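Here the structure is laid out as structure tokens; the discussion comes afterwards.
We just call them A, B, C and D in the order they show up, numbering each chain from 1.
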Amino acid sequence: MAQRISVDISRRGDNEPDGSFNCPACGQRLNPGELAENLKVCPHCERHLSLTAGERIGLLADEGSWSELSASLRSADPLEFFDLRPYFERIEEAEYDTGLTEAMLAGTARMHKMEVVLVVMDFRFMGGSMGSVVGERFWRAVEHAIETRFPLVAVCASGGARMQEGMLSLLQMAKTACATELLSEVPVPFVSVLTHPTTGGVMASFATLADVIMAEPGALLCFSGPRVIEQTVKEKLPEGFGRAESNLEHGQVDMIVPRHELKDRLVQVLGMLEGGVACALQPLWEEEAGPPGGGGALAKAFGRIKSFANPSRRPPQG
Amino acid sequence: MPTLPGVHLKDEITKISQRLRELGGAGERRGRSDAWEKVKLARHAERPYTLDYIEQMFPGFIELRGDRCFADDPAIVAGLAAYQGRTLMVIGHQKGRDLSSRTYRNFGMPRPEGYRKAQRLMRLADKFGIPVLTLIDTPGAYPGVAAEERGQGGAIARSLVTMARLGVPTVAIIIGEGGSGGALALALADRVMMLENSIYSVSSPEACASILWKDAAEAELAARALMLTSDDLDELQLVDAVLPEPRGGAHRDHAAAARIVKEALEDSLRELELMHPQERRRERFEKFRRVGVWREDGLTLF
Amino acid sequence: MAQRISVDISRRGDNEPDGSFNCPACGQRLNPGELAENLKVCPHCERHLSLTAGERIGLLADEGSWSELSASLRSADPLEFFDLRPYFERIEEAEYDTGLTEAMLAGTARMHKMEVVLVVMDFRFMGGSMGSVVGERFWRAVEHAIETRFPLVAVCASGGARMQEGMLSLLQMAKTACATELLSEVPVPFVSVLTHPTTGGVMASFATLADVIMAEPGALLCFSGPRVIEQTVKEKLPEGFGRAESNLEHGQVDMIVPRHELKDRLVQVLGMLEGGVACALQPLWEEEAGPPGGGGALAKAFGRIKSFANPSRRPPQG
Amino acid sequence: MPTLPGVHLKDEITKISQRLRELGGAGERRGRSDAWEKVKLARHAERPYTLDYIEQMFPGFIELRGDRCFADDPAIVAGLAAYQGRTLMVIGHQKGRDLSSRTYRNFGMPRPEGYRKAQRLMRLADKFGIPVLTLIDTPGAYPGVAAEERGQGGAIARSLVTMARLGVPTVAIIIGEGGSGGALALALADRVMMLENSIYSVSSPEACASILWKDAAEAELAARALMLTSDDLDELQLVDAVLPEPRGGAHRDHAAAARIVKEALEDSLRELELMHPQERRRERFEKFRRVGVWREDGLTLF
């Protein structure tokens, strides 16, 4: 429960020598140490500040359990895209600034001992935009989840498709949607966590195709962003437009989960989807002698729980 | 074998009407004389509601919300429950208890998005082999202009086929007011049970009275005529079981009421989980196929 | 195209000795003969006046092709229902007034030579209310459609569930919904035609579960009727509330079909759903030599069309 | 075998970038220099729209409307077409031609209900084995507050999985503007083809310019950079075929344009109908699975 994250301060410029800076929501002075203690949630106004991919993994994965998949994938520049600067230069800068290889990391991890496939996006890497590498990492993560039967958790943060890869980017929506369909067929549980901000192509593909959709408080979640709407159709935006709370009210997400409850909630939901009570927090099944009936869903559930609760669980054979 | 509602057996013809006549006049029948009392009990403001049962039975309940189209409808509560080594999808109407929660819950009257949320979550349950429990307690679907415009009728109809299709075990328990199509939309289940003091009706007695007697004040009369009590429905064989309530009624002891519901649920699941999904589905279709009483070739069939 | 119906004048009371009466919509004087010529559509304002079941069958079925199914079913009185009058008395009166045995007739018919199963409701029979007999006739009609593979057409007109049969009536919604699900599995095409008025339980069961939903112009189509809404929640009703046109705009029906086009349109849609061009009006397949490819959907479509165009089509064996 | 978009073959590695560099600078590439011309042609006010093709190709077209939830969206037209001895489900974006029809059609920009109508009708087509033809011509999904609140993102996403699931043959033809997610939502098909003067783009050149160049006036530059013409997409192997237009462009001769689309459709169906539904589905997944260009272990894969 007392999860900690080690904050990585990549924010440059306006912060003080001690690293302190003002909360963008309430303006209160924030100290990095205290902030990390509070999982980068402003203690004054509860604003959930963005986490880096590393911090997110630190938040969700049991210590030392993270193992990256598809780490060697890197963006190419098939369009030789050049706007004010070449695409490769932007990528190199993003790599340098973030220490990441792309806007999405994929890997396996344990969460309260539950094995999961975890993909995590980082908005700092070119606005969390989805290009070929993001799509391919997502696909391979899904393939790994299908092979191992580990559930999939996708933590989203994205400005949309990566323009520098043109249609190759847009089609990642189709690719990731196909991937979720494969997951559904098995089925392997899939939960998405929408964090601030998740917009554009990611919202119109895998993020909204999860079995259960969680959102962090205050996160902006929409397809067309507020600026586009204001500029294109000149509509006045209502208070709280596109925020997690509005999405909940409008039936688009299942729940809003404060960051300090996220890991527990994920494990509970994934465990329940796996067909039985499975979270370490409520091991009701230990009180049970075994399945009272014979076959049926109950026995199936028990079978699942056993393989699930067993840390040495391995991919099913055949 | 499930109880057969309105059994339709050519070779074992019994005339309900005759039997009823033998039992006495309409007003005197078992279950009918106290119909209005039951209506009042079913609507009792302190009667346990869906969230009360959830609180008692499923401490780890995780609510799932939204129809993914238009809104989340608070008149229907739904979510995953960890229960006795298994997962359940629990879906129920929720009335409010105080003024603000009643308004928020729209007095337990769902709009189309409520039914669509239920459908979405039933399909989710089906995907993962999770049994579905529905708790029914509504005056009926919300009769509002916007709800109609968003397709109230179609939403209820699609709830019915969604439940018909499910491969997982489904148990429906009428815990209070089973009002018309709004209730039925969650009740096309393998097992349909009623709490002793609940009602299940084609129409509210008030609406029925104002239509047939042209006078809403005749609701008591209508309540008797409609055969809406648990005894009535048991007699008509339209429910699989009637669950006795704690002395004085479920509102006197929420915990005891929850224990009764829990036992009924467990008994049902124990039976249903031993069946193959196709077998459950086939029996479900058979059961609803047989509902009805009619005359044919001069005989009354039911 | 020049379909006629023989109007049966059961309306009693306020009409003149020559049978003429005022259009309820525009007030113009209507002559029964002219009205029948115009399929009971007011020539002045296009109001589609209600058809009886017999008139509807006359409109849709090829001459002499109607053959009733489940004709021997009659209502029982399991609740011994007595409001101001006993249920049996009301039924007898309805039978006397309408010459019908129930609020729904089921049968087989040909429409432009296409064999169909046709169910037709009559609002005059206790408000077109759905009780045990309506549900059972619908179920048997579906069973017949499944056996023969004839498509199903349901012409609806109903005030809802029949209160005099209590919960037995409400459960006909579940029963008819299950029936449509069986049709879907085969699949056999199912088109519903919603006529004025279709409300309550019928709108919340088979009527809205059709593959294609047609509506007659101006028909009131809703679950809760205008009076209930006004009385219960005191909402002011917008102009045209619940009418076919509003339903179309709100996405609840596929099309509005004027009565004189209904039969052609039904045959076209059913034919297309059967997998190929099948209506007598546009026999495109006759211009074709045969399927160009080998198997696949095309050949399947051709197979369907052949059995369909053949008037001697019989139920498939086994 | 369908054309492989963004082929990903380890043993046959070709460096697109290198090849492109050999062909000349970015501005000189085949297909790029006239990108802005193509944008203008794709948006030409007299270019045939979906309803024009329907009129030319499918005289017996029967429109089906509505999402059964909230509304009918006139920005997407859909219905059954009788065609060469078979039935088709035709679904396409529809821009308006005059002011009132443009307003009515919302300039071809669908709201969530448009995508939901498309999904409903694709499932209907699938149920009866009816092939699906989509005609794509939209600036993009409508960026409005209410559309967002009704779940624009989720609606597009579910269009994608709906198309992915279909067992029937699916053919998508980009006839004008293939704008972003709003276009892609109808384009996850067995065969994806573009008319010669149509465009298919991750973003409108104007939006791209205002984001990347911070100046919408740089749209011409963006149009070239985005590789959105039919030649560009052919080169990237992201479409299965480019369909030549009548001399001067499709707007010069609607009938000829329709004949071209018709031929492409027939050729596609002839191939696709010989395959088993599972085979079509498998190839469809394979095709979209392979989309992408990346480096791995020092090699560029595409």
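Methods note: a contact is a pair of C-beta atoms (placed from the backbone, for glycine too) under 8 Å apart; a residue touches a chain by one contact, two chains touch by 3 or more.
In this text, all values refer to a predicted model and were calculated from it rather than measured experimentally.
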item: Chain pair with the higher count of C-beta pairs in contact (A-B, A-D); value: A-D
item: Repeated interface matching A-D, over half of the contact pairs identical, chosen among A-B, C-D or B-C; value: B-C
item: Chain centre separation in whole Å, for subunit C relative to subunit B (CA means); value: 29
item: Inter-chain centre distance, subunit C versus subunit D - centres from mean C-alpha coordinates, in Å; value: 39
item: Set of subunit D residues in contact with two or more other chains; value: 68-70, 150-151, 154, 158
item: For subunit A, residues that touch 2 or more chains besides their own; value: 184, 208, 250-252
item: Those chain pairs that satisfy the touch definition; value: A-B, A-D, B-C, B-D, C-D
item: In the complex with subunit B, residue positions of subunit A that touch it; value: 184, 187, 189, 208, 211-212, 248-255, 265, 268-269, 271-277, 279, 282, 284-285, 288, 291-302, 305
item: Contact footprint of subunit B on subunit D as seen in their complex; value: 68-70, 112, 116, 150-151, 154, 158
item: Residues of subunit D touching subunit A in the complex; value: 5-6, 16-17, 20-21, 26, 141-145, 147-154, 156-158, 160-161, 164-165, 180-181, 184-185, 187-188, 200-203, 207-208, 211-213, 221-222, 225-228, 232-233, 236, 238, 284-285, 288-289, 291-297, 300-302
item: For the subunit A and subunit D complex, residues of the former touching the latter; value: 72-84, 132-133, 135-136, 139, 161, 163, 165-175, 177-182, 184, 200-201, 203-209, 221-224, 228-229, 232-233, 235, 237-238, 241-242, 246, 250-252
item: Residues of subunit D touching subunit C in the complex; value: 59-60, 62-73, 80-87, 113, 117, 124, 127-131, 168-169, 269-270, 272-275
